[in-house]
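First chain written, first letter: the chains are A, B, C and D, and each begins at residue 1.
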């Protein structure tokens, strides 16, 4: 495997990891506040649809992003209504949201565009274009560092850079601000937050809303940066992988980034080396296809200890019945 | 002084939880600079009333006056603003946060954490100095003892500049020394003019420290008296509605064969810390061995090892048979089959399954018993019938086998566990903290049951942090400190002071 | 302690919730320019209006009973088995191998062994995540998600490279022999003089699913093992105290769960398709989660929820025959039903509680 | 009236269901007739839909996809008066079924030739959807065509996955395209449903050529899609509907000769296909029709000599 291949695989890793990381951070905020969310997938999906639809209609990808985030926040609010206000089962609510998004995206897109639940292809200002970092071309020929800068770091859409900046951002918010302290506390012991005079409901809704925004960006990234339009079910299970990454990272921001990158890397490798010929026999395509999942299980079993979720996670806060 | 407005005045407070009327038209006045005690049976509505005052629950009816001002307290924020602080019966701390983080939570200055924490650290030092409330600000809550956790709760209130401090059963989890220290602190706070409401089941504490005392029964306030004008006996009667024996009534023990024989018992935890260091002890048939000690000195581990669910090395014999201490056979079930019953220290975490009905909890651990089974299926009606019988014998209220454990008061939960374990007719009964958080009526009953079991010739190992309880129940007392037995005494030949010293690790000879 | 009486809890609340789901579905249908009342009529008619409709409704419900029960059993041990889909896929492989490899003389024997094969393969697919959870603490949610993907790949490999008859274009096994075809409801009911539609896939597996409901109920609520499973699920610390082994319960609960999911294959693979195709489960494993949660993990609740989803599937298919409502609309309706009956049930319960309290007056404690 | 049953992908799959829908619509528009339709959602509905339409008197009943073969074999005999038209099925023994197969490998052969001729790097790519024999069949013909032009051509082939999600994962399609580019591919052929949208998009973005499938996808990125492998399902459906109840039954394989498959040439890709390329491909087409060139079908041995899967 030569150097350039490695660069390309890593480049692919970054693209594949970005939507995972956004969704993972979204889940991070929600679950750290004690609201479990298996509806990441659905929120991403609806955001992908609305961002592409609005970007197409207005010709502005930024308006698309806004619309995507808004639609995702709307589903997040529904989740909040069910799990915070009405203290419902958070898992059921998440399942319902995934179904709702899978159905609604196609119904709406079909109603609007008559393209069988697709949106028309986006072009020009309706898409996020890659950003070439300064001097990328100039230094491209510098050995070793040149390609790393020009090929690997440069040339992604702005959302990629934003996403990776969100990791230290999230860390800072969670561990260095009042909001973060309260958020973590409400996921561990909401009664402590309540008796300290802070609104549990308010905090949880805030967390769920942040989750919605981040899922919205993830969906918009898929439909308007990586792709040029919405195709039904285009999230293809990424919300669930993000959830796995979150558990893998034990609900911490930096490890979340590393685990998303790991998942991205495994996928990138599997995509590049199908039918791995080992001389003696050829590894079938199916085996390469599941490599990321098998490795996840092995890593989980071998290296990661017990992951302890936020203690109040998944449990509605009831102080009197 | 006389015509000063009361610090707190509640008028006609009522509160229902669904069909349960927890508080019914309650009025109360507490003057500033006094300590006001509230006593009452489990489930009488004490905690509910205080939670209303603190804005945790909303009252259905009634008015609250703070320093003569009519105040509405819709949430805890408002209570804090009105200068009220509360230490709940079950602490409201974030277990994996540091002490400092718990203290600033909700009382931060500004959006950034560092300045808040720095300021809190300074204030905390001053408060520690002023009230002698020692805690390490950087310790993680779950790693410090309950006593320290309670100090954190008090510091939390003081940090919010509370003038009115409510403590709900603060001494339930404290050692005598810790309790004494708490009362010194409360005394100092009173001197400063702060108002304190103290809920407790311990009449001794009421008599010792309060100025006035109110008695609650079944959601109503039945009496408010000056402490100096009443007696423990009178209070107990007001509370329970009948005469209560405050002393355990028992005959001298008649020890028989050695039932439990422990030699060189050691436990090392996952972190490599030695929890038990070479414990040797024996319990004979027909005697109660009391283990005294500050919580966290190995008593819990001792009970868990004997109960079969903590790995250890050494020798444990029951009725002369060697018990496996690791691997197969080292579990609660096998231990029960060997004639060991165990009333665990923490009834809500271990002794009971809170979501299970009472009858399921009565079967819990004994669900293999032939009497509870018919072929491959469990005989639920047999269990229910047995539960009804047990509930009646142990006066569990309400005597409803279908009610979930979580819906019983603490005292009644404890009675369910006791009924289950005692009625098994074990050779050896391990019993931890039998009366924690239980009202005096129930304590009297539980103590009688334990003594009766001893008189049937059973061996009993009693672990309690209540020295009074240890002294009145045990036939012999062993004191544990730092995983070791510091010494053994006969209750008739020792006193709380001597035991207190042993508990603090001052060895027998020096004491 | 409960404010809302039991009869209202099991009738009034679900009915009002379903009504709300129907209202919101109607709004969406109106928004895309169709007639909701007509749609409802078609769905109810189509699902319950004939033995033909019932046949399909019950066929789908059978699938959901198996996967719903599978999830419920693990859930009682507080294990969140998202792997029903993969376990049911593998169960399909087990059933197919049993049916293809042995020339069975009669369907009864074949069914017995197919049940063993399906359950064994399903249980096997649950065993690894279970063991990892019990021994290594690997989070069962992740491992079962991963095993769903891995299971799909295994099935794909087996079908494309091993089981597909040579030269066939269809990545599916050969058709099972005539002898292993299961009797349909038509065949079963005919001797009793009941004319049941001949052309529906509902088959004898329905009775096995119903039996599974009863057996699971017995297991969970009437046996020592079930008692231990529930105890462990409610409080691991108490289970430890009582000497209930967590490793043992985790393994057993997951094996039963995987086995039940694998059993589903007798319905869809052996009973309906009579061969193994790619993606035979079609999400029934995932829907089992919703079914179990809506049924409050109680076998009878699972049964009712399974029928409800069977209705939505079959009614939805009829909708597709007679209207131009897009098929994704059915998914939306399902989502709304799950949402209102499963997650927003308190929205109905809370006002009802107030009403019942007012009706009842207070009792003093 | 005729009826049509779309396969699980749905009638707007940008692929063969959509082609069928277009054929049906064309018939309806031209004749003013109407047809009934259903998009399947589950396996169990296959048989259900067949019976439903047959009992409702629809004739002919047109089905899409090889997966209908099995239910048809069970149902067709029950409705001897109904004609069934099965697209992508050629192996049933049923007198009242018109079975239509397409020689996808022949069409793929032609686009394979075009790919090899258009490639400057000598490496061409193939991206399949879910790994099933049908898709391997496409890939096998493609590889043979490419090798016929340039025996040293390197063919990079990938499948998107092993679950149905593989048909709707354009992101993975993009990544596969980029991966194939890094291995030198400068023309990629996508036979991957919705995933292909991502392939064509990325190829266009990155400045390489792509090849569409089933219907003419040249217009999606004018000047950047080299060609599309046409599978004239629309024609097959249109013809069947037009023939109505009298549709001829039997097995029909539509290859190059019948114009059932082919490659798309229109104003969008006119500049990409030089006269020499066109001449070479058309010559090969004639030879295939004439039997001089035999394109190996993957199904024959479940293997492909030109390409490893």
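In the analysis below, a residue touches a chain if its C-beta (ideal position, glycine included) is under 8 Å from a C-beta of that chain, and two chains touch if they have at least 3 such contacts.
Not measured: the values here are computed from a predicted model.
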Partner chains shared by subunit A and subunit C (touch criterion as defined above): B, D
Per Cα centroids, the chain farthest from subunit D: B
Among all chain pairs, the one with the most C-beta contacts: A-C
Distance from subunit C to subunit B - Cα centre to Cα centre, in angstrom: 46
Euclidean distance of C-alpha centroids - subunit B vs subunit D, Å: 75
Mean-CA-position distance for subunit B and subunit A (Å): 46
Separation of subunit C from subunit D, taking each centre as the mean of its C-alpha atoms, in whole Å: 36
Overlap residues in subunit B, where contacts from two or more other chains coincide: 18
Sites on subunit C at which at least two other chains make contact: 149, 153, 156-157, 160, 330
Junction residues of subunit A - those touching two or more other chains: 110, 117, 232, 237, 286, 289-290
Complete list of chain pairs which touch one another: A-B, A-C, A-D, B-C, C-D
Subunit B contact footprint on subunit A (complex, rising order): 175-182, 184-185, 188-189, 191-199, 311, 319-321
Touch list for subunit C against partner subunit D, complex: 56, 59-60, 149, 152-153, 155-157, 160, 164, 166-172, 175, 199-201, 268, 272-273, 275, 277-280, 282, 313, 316-317, 320-321, 327, 330
Contact set on subunit C toward subunit A in their complex: 28, 31-32, 80, 128-129, 132, 136-139, 141-143, 145-147, 149-150, 153-154, 156-157, 160-161, 286, 289-290, 293-294, 326, 328-336, 338-339, 342-347, 350
Interface residues, subunit B side, partner subunit C - complex: 16, 18-22, 24, 43, 218-219, 307-309, 331-336, 342, 344, 346, 349-356, 360, 363-365, 367-368, 373, 376-378, 380, 403-404, 407
Contact set on subunit D toward subunit A in their complex: 10-14, 18, 131, 157-159, 161-162, 165, 168-172, 174-176, 178-179, 182-183, 194, 197-198, 201, 205, 220, 308-309
